[in-house]
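Presented sequentially are two complexes of subunit A, the first with subunit B as partner and the second with subunit C.
On to the complex of A and B.
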């Protein structure tokens, strides 16, 4: 008997779900070490993570608010990678979106909300998309490795926000590392008193739209063809430069919307630490979602819930200040979910030697 | 410290992880998780040297921690055949998570540091310098180096000629991780001995990514990598100097220069003229699946 790997052609939903559940159980088991080190019963810890995130009103609203940010960031990874282009730059595109939105609100503070907010969204999409399109152009035209360029441009974008808000032209003299507040007409309203900005509907709407875009349109087909076989796509007359430019433009615009959401809908200003590495979370979420925009809705909601719960365990009366290991929780969970991809892509078979 | 010494010190922090990455990539494995590995090296080095009072144990611990992260990257991308970019991203986030949590106890100035021996340079600097010809020799002149390169170039042919692909690539990620860990130890024990924790600007300041880009710049040749590292060390330190000369311009503009210059160079070496001579490992980034 010997072990043999077989590539799966399609993954049955039942298998995906099983793998996801087992990954979660394994991640919880591994992370229990950190809980035990802090003198916390792991079962209490996990119960509290779920309770804080999904079973308290305040937590649930917060998780939905963060889903509105992470979902477009996840889509920003999914669309280019469908064409075989690795956008590791959602972080920088997110910053550029936030910068554009904030800048437009400062430039036209007296416009009515109905004009200013669409203008800010368009600006965020344009700057985020344009920032990413540079990479798309270089990739398509010259063949520059997009992974390296997106990583490098992230830092340029982050440093741009530093230039603007840390002793810069936008600095709020009373809150030094932050920008001035975005004028009230530039802050996208929130649903009732939930604290969730209306951007959640934009995010979910985009996910649905992109699902059908990839599946049903000619351009969507060309994108998938490029991802499947770049050479084959070229022979059938698809311009790789065009696909590279368009997918990066869409990806960057999506990340830009997330930047708009965070600046206009959540913080009401630009901060140099506006993202906590969320642009990179999108890569893992996209992968776990099997690059499916609809499943990405569920994945980003669920993961942001777990992360929110872990980050806020201090609020739990049963745990309190004893715990600060949320960053480790995220790392462990991500690595295990990444490893689990193996079982989605390959089938393990035992075969008789020579058989 | 003079400008020249500062430049050399800063250059070494680009060279060490980049040299490991070069080796790693020659075997066909791309590792974008450099930053996470460097941070783990920083944490292990600072924790071990603080607890034992011995800086050299700190260096060894840093290398071990980096190597361990390299093996995790290897397990994901070689054994489980996960995409190397995704695996690297996971390694990076894990490294950041572990260091922010377990590093809390060591925030502040580092107690034990490595003293300079000649001209303000520490022994680690000379170790790094010596590694360049050693890596060149191993990669170009030994049969082991030939095996590493053939695995990065054409794994199916390499396997037919009796080379164990997985084992060779595991050596690649291990070496890459150990040198990243060494870079972390160098950073915290010799170069900038103060440990602060912030996700946005960790002690490494994103220089792991410049190191990654430098490997492409070097066209996978150790001596060109040395040149590139010195060029970028100079550029990095120049930023701080220019700021004192041109106080009107915000400092962060100068900090952008190395990243922008790297992008420009990448564009240049990707053009037809250079590409032919570049020698990118053909199987870089691709998991090996027998019979494909």
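On to the complex of A and C.
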């Protein structure tokens, strides 16, 4: 008997789902080692993760609130990569969005909410998008590697927020590494007393919109053509510079919206640690979702749930997970889910030797 | 491992003309296709036996079975009367069967010598490079092959690489050599050299060479016998003597094929494009096109004859805007378009059929509908409010598929699943449906089988009636001669002459393609 790899011609949805479920099972199995090592029954551990995330009111609300942040970050990865451009810079674009939103609220604190909030959103989109468009321009015009530039610009964006909030112009004198509070007019309201800002609707709406944008519009067609075959796209008259600029602009704007959500809707201020690497989670979520904006909704909700649950195991009195366990959990899950993408591209056959 | 040397002795003591290998009743099914249907095939020592058939006729399947890559569902293989099972290429090699594939498998960074002895059973643990080199030099001399054994493979041309593969197979003890479309990547002089070497091999070494190709003139020139396949079945076993292009093509295609494309005479109209002193660089940064000047009128086919790599590819790309001109002007309908974008050129009425139909002319992962959209997406009649009218594009696609006889399960099939001929028909349909004023066709029939070639040529000639001007680039001199109204042989980036087809003589054009200046 020996193994043979065959390229898959098409991936049936059934296979994608099976691969996802098996990846999850495998990730759980691997992480069980950590549970066992800490003297916790893995089954109890996983039950607790799910309970905390999806079966407590507080947890569920929190997970939805985070989905509103992660979904645009996931889309920020998906749109450029559909054109073959790897946006590793959602993290930085997220910070720029938060900076823009906060800055606008400080500049016009007296505007009515109905004007100020749209202005903040537009500002966040413009700065996030503009930040990413620098990369899009360099990539499209002279072919500078976008992975390098997006990654490096992340640090510039993060340190910009640092200069602003740590002994900078926006510093809150009473709470140092934070900025002053965003005026109440600039805080997007929350649904009832759930703590979920209305940005969740913006996020889901955008995902649906982008799904149809890619599928039905002329621009979406041009984007997909670039992603599948740069040479073929060029031949049919599609300008890669245009597509590179547009997709990065859209990607950056989406990440900017996430920044607005976090600053205006969740924290009420700009913080130096406003993201916990969420811009990078978006890359993983996007790949797991098969670059499909609709599936991205489900993926970001479910994964943020698992991550939230794992994070809170430490605080759960009956479990008492050691510090750092959640980070291991996230790592194991991401590695296994990304590695399992292999099975979407290939199928494995057993062949009898010489038969 | 012990069994293999013993198996090779099967080839001992064979004489010229004896049957050495027989395949009986070979049948192979793939899902939905009967690729080989009870095929009988035999090879005699010392002969060149051509295996003919259109794309998809089952040639490659049959040879893959012989080489052990595929297993037959039914049927038997006999080597010198003894039944054998060939389970893998290793079995085939030990029986003295060698195969040279279309996609060659050499290590570019290694020398020719290293490539040949790489993995050779006799290389053993200690490489006796010197001895191998001596032996190989002998082999090359014997067959009239000029190759520097110390050259790195990446420095070699496609034809030389092919020779390396052949020597490699022979050096490993192949007595039966399977060549898969051996001339598809070769220039005419390289083809000539290859054919000569193969003749010598067949005569001297009792090397037996089934030949798989659809280039009929070559088959007629070199082979002793042939087997013609169609739809997985043997249509005929015959001797080459007495066979004609026409009779063979009829067997392969299943209907009469006209080799002389019917000329359509139309009145030439106004000039469409004028090219003045155009120059361009190749990808390597060398001046590839030098001061080309010509013009094409309505209803004229301007045929550029030349061996690939003489600047004609660069010319086509400059005219389409895919490559920048370093000098000169392109005037289209009186307007200077030298710096226009690719999209502007499509819109203004220039159509391009690229030579790289898989990499450039189509998008493999796109459906046929989306591929047809490659030339429609920018057209306002196919989109509204920024939304593409996929319904209309689908209708358009289905019309193109039926009018151009594209064999595809449906309009949703991905382009990468089409055969070369069907893909080319799709591209042709797409570009012609734009009703261009100027059509640039870069190697439009390269690698196509007889039927598809005839189809494409006829479509080109017919479109003259629509007052289209056509720039045809071809390596096939006969194609250029039979289709064009004006003929321009190109060599090292320069037109040697521009002659009307009435005054063109085949031998003169041929020598000019090789660099001879015209006599004045």
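We adopt the following convention: the second predicted complex is superposed on the first by the 340 of 355 C-alpha atoms of A that agree within 3 Å, B and C clash if a C-alpha of one lies under 4 Å from a C-alpha of the other, contacts with A are read in each partner's own complex, and residues count from 1 in each chain.
Everything below uses one rule, namely that a contact is a pair of C-beta atoms (placed from the backbone, for glycine too) under 8 Å apart; a residue touches a chain by one contact, two chains touch by 3 or more.
Treat the numbers as computed from the prediction; the structure is a model and nothing was measured.
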Touching partner for A:335 - first (subunit B), second (subunit C), both, neither: first
First (subunit B), second (subunit C), both or neither touched by A:237: second
Between subunit B and subunit C, more extensive residue contact with subunit A: B
First, second, both or neither for A:54, with subunit B first and subunit C second: neither
Touching partner for A:228 - first (subunit B), second (subunit C), both, neither: second
Touched partner set for A:198, first subunit B, second subunit C, both or neither: neither
Which of subunit B and subunit C A:153 touches, first, second, both or neither: first
Touching partner for A:218 - first (subunit B), second (subunit C), both, neither: second
Shared subunit A contacts, counted only where both subunit B and subunit C touch the same residue: none
Complex contacts: residues of subunit A adjacent to subunit B: 5, 7, 34, 86, 88, 138, 142-145, 147-149, 151-156, 158-160, 162-163, 166-168, 272-273, 276-277, 280-281, 283-284, 287, 324-325, 327-332, 334-335, 338-339, 341-342, 345-346
Subunit B - residues contacting subunit A, complex: 30, 32, 72, 75-76, 80-83, 85-87, 89-98, 100-102, 104, 199-200, 206, 209-210, 212-213, 216, 250, 252-253, 255-256, 259-260, 262-263, 266-267, 270-271, 275, 289
Partner subunit C, residues of subunit A touching it in the complex: 9, 216-219, 221-222, 224-225, 228-229, 231-239, 354-355
Residues of subunit C that touch subunit A when the two form their complex: 71, 87-88, 320, 322, 341-343, 345-346, 352, 354, 356, 359-366, 370, 373-375, 377-378, 383, 386-388, 390, 417
